[in-house]
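Chain lettering (A, B, C and D) follows the sequence in which the chains are written, and residue indices restart at 1 in each chain.
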Amino acid sequence: MEELTERVRAFAQERNWERFHTPKNLAMALAGEVGELLAELQWLTPEQSAAVMTDEEIGPRVRAEIGDVTIYLVRLADVLGIDLAQAGLDKLADSGRRYTVEAARNSAAKIGDHPTAS
Amino acid sequence: MEELTERVRAFAQERNWERFHTPKNLAMALAGEVGELLAELQWLTPEQSAAVMTDEEIGPRVRAEIGDVTIYLVRLADVLGIDLAQAGLDKLADSGRRYTVEAARNSAAKIGDHPTAS
Amino acid sequence: MEELTERVRAFAQERNWERFHTPKNLAMALAGEVGELLAELQWLTPEQSAAVMTDEEIGPRVRAEIGDVTIYLVRLADVLGIDLAQAGLDKLADSGRRYTVEAARNSAAKIGDHPTAS
Amino acid sequence: MEELTERVRAFAQERNWERFHTPKNLAMALAGEVGELLAELQWLTPEQSAAVMTDEEIGPRVRAEIGDVTIYLVRLADVLGIDLAQAGLDKLADSGRRYTVEAARNSAAKIGDHPTAS
């Protein structure tokens, strides 16, 4: 990921795009790419989505969209000075305190029994 | 990022959440977290967004949202069997062929002169 | 919808929020609210999502999120001077020319046989 | 909007797409179209975004994306049995109780002084 971070930074510098790369603009670009990812998956059944990488046509498109999402997330973190892995680990530790294994296992199997980990 | 991938996987396994983690559901969760990130930045000026990490209140919230986004992206890639960094590098190489440095530098400074790298 | 448009406009004026309501900021706010809507639906099966309005807890939340999405879409259209219904009708006519009934009915029932109407 | 609702319903019926149109799938499609809208606005300055409808190239694209967003929102509301205007009016009344005119006008002009109306 460090190599990707540096290459994306160079990519932006070479094209004189740094002025466009505010956190606000990059967050919008990230959301736009996530929207394209959703578009690839939106009409699939759960089973079709689970097997999407075996589809010759849609699999590579999904991988490319995830590549785009990663590019903008890496760039956003670089601009903000955030270590992505550490931010994820810190948030996961926080979520672990809020959604304990016991509570999750004991929850009734009702609609929406998976809490949003936010 | 490998450590994060493994910890998120264990987190889901321990809570018996694997049945929820289809690519389709995880892409929605990713989009939901990106939406929360947008909500933190939406009313800021470009200048305020550039300095957002120096704000004692909003900075930590932005970092936490980016942590959430990273968690779901890592989990989605794990479920799909995709190497995030490699997917990003491949897409960046593709974008480099489409948006050459020469073309980017020569483009007139008109509205929308930054092509969407998608 | 006209009444809603006028009330949202008055709501913003009374609070002196017009300076925040650029098309860019409103599009971000719209995306943020759609993200909250996704969060309500993300872990549901297709069948659970089809019955979501009968759930006493999630149903009202879904309706409230759709209310928020509508508020920001109406406000964005007001700021841009766009008639929402007419924009939808024009786009639907365009989509009808691109995805004819014959082509849709004859398409093989393969993965992704529903084209993205974009 | 009623005419649009009926036409979108007929559009889906004629193409045998009703089986795809679960609330979950339609919410994803809505998010995908909002993502395309963001992509049109993401690199613009606030001033450029305010004048976007006067741009001969981007203006019609923004209108078309808003048409797509409206189509999916109207379809989602139809499937859920929700009256969009009433859902918006109800949510606006709720927001009015939470963000009073007095509180909004008295808030200090600090970063993020526009509360998220969610």
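Methods note: a residue touches a chain if its C-beta (ideal position, glycine included) is under 8 Å from a C-beta of that chain, and two chains touch if they have at least 3 such contacts.
Since we're looking at a predicted model, the values are computed, not measured.
Would you kindly count the fewest steps from chain B to chain C, each step being a jump to a chain that touches the current one?
Minimum number of steps from chain B to chain C: 1.
Can you report the angle of the rotation that maps chain A onto chain D, using C-alpha atoms only, to the nearest 5 degrees?
With C-alpha atoms aligned, the rotation comes to 180 degrees.
So what's the Cα centroid distance for chain B and chain D, whole Å?
Centre-to-centre distance between chain B and chain D: 22 Å.
Compute the distance, rounded to whole Å, between the mean C-alpha positions of chain C and chain D.
The answer is 4 Å.
Send over the residues of chain C in touch with two or more other chains.
20, 24-25, 27-29, 31-36, 38-39, 41-44, 46, 52, 114, 116, 118, in rising order.
Which residues of chain B touch chain D in their complex?
So the residues of chain B touching chain D come out as 24, 27-28, 31, 39-40, 42-46, 48, 52, 55, 57-58, 111-112, 114, 116, 118.
Where on chain A does chain D make contact in their complex?
Touching chain D: residues 20, 25, 28-29, 31-36, 38-39, 41-43 of chain A.
What residues on chain A touch chain B, complex-wise?
Residue positions touching the partner: 1, 3-4, 7-8, 11, 14-17, 20, 22-25, 27-38, 41-42, 44, 46, 49-50, 52-53, 62-64, 66-71, 73-74, 76-77, 80-82, 84-85, 87-92, 94-96, 99, 101, 104-105, 114, 116-118.
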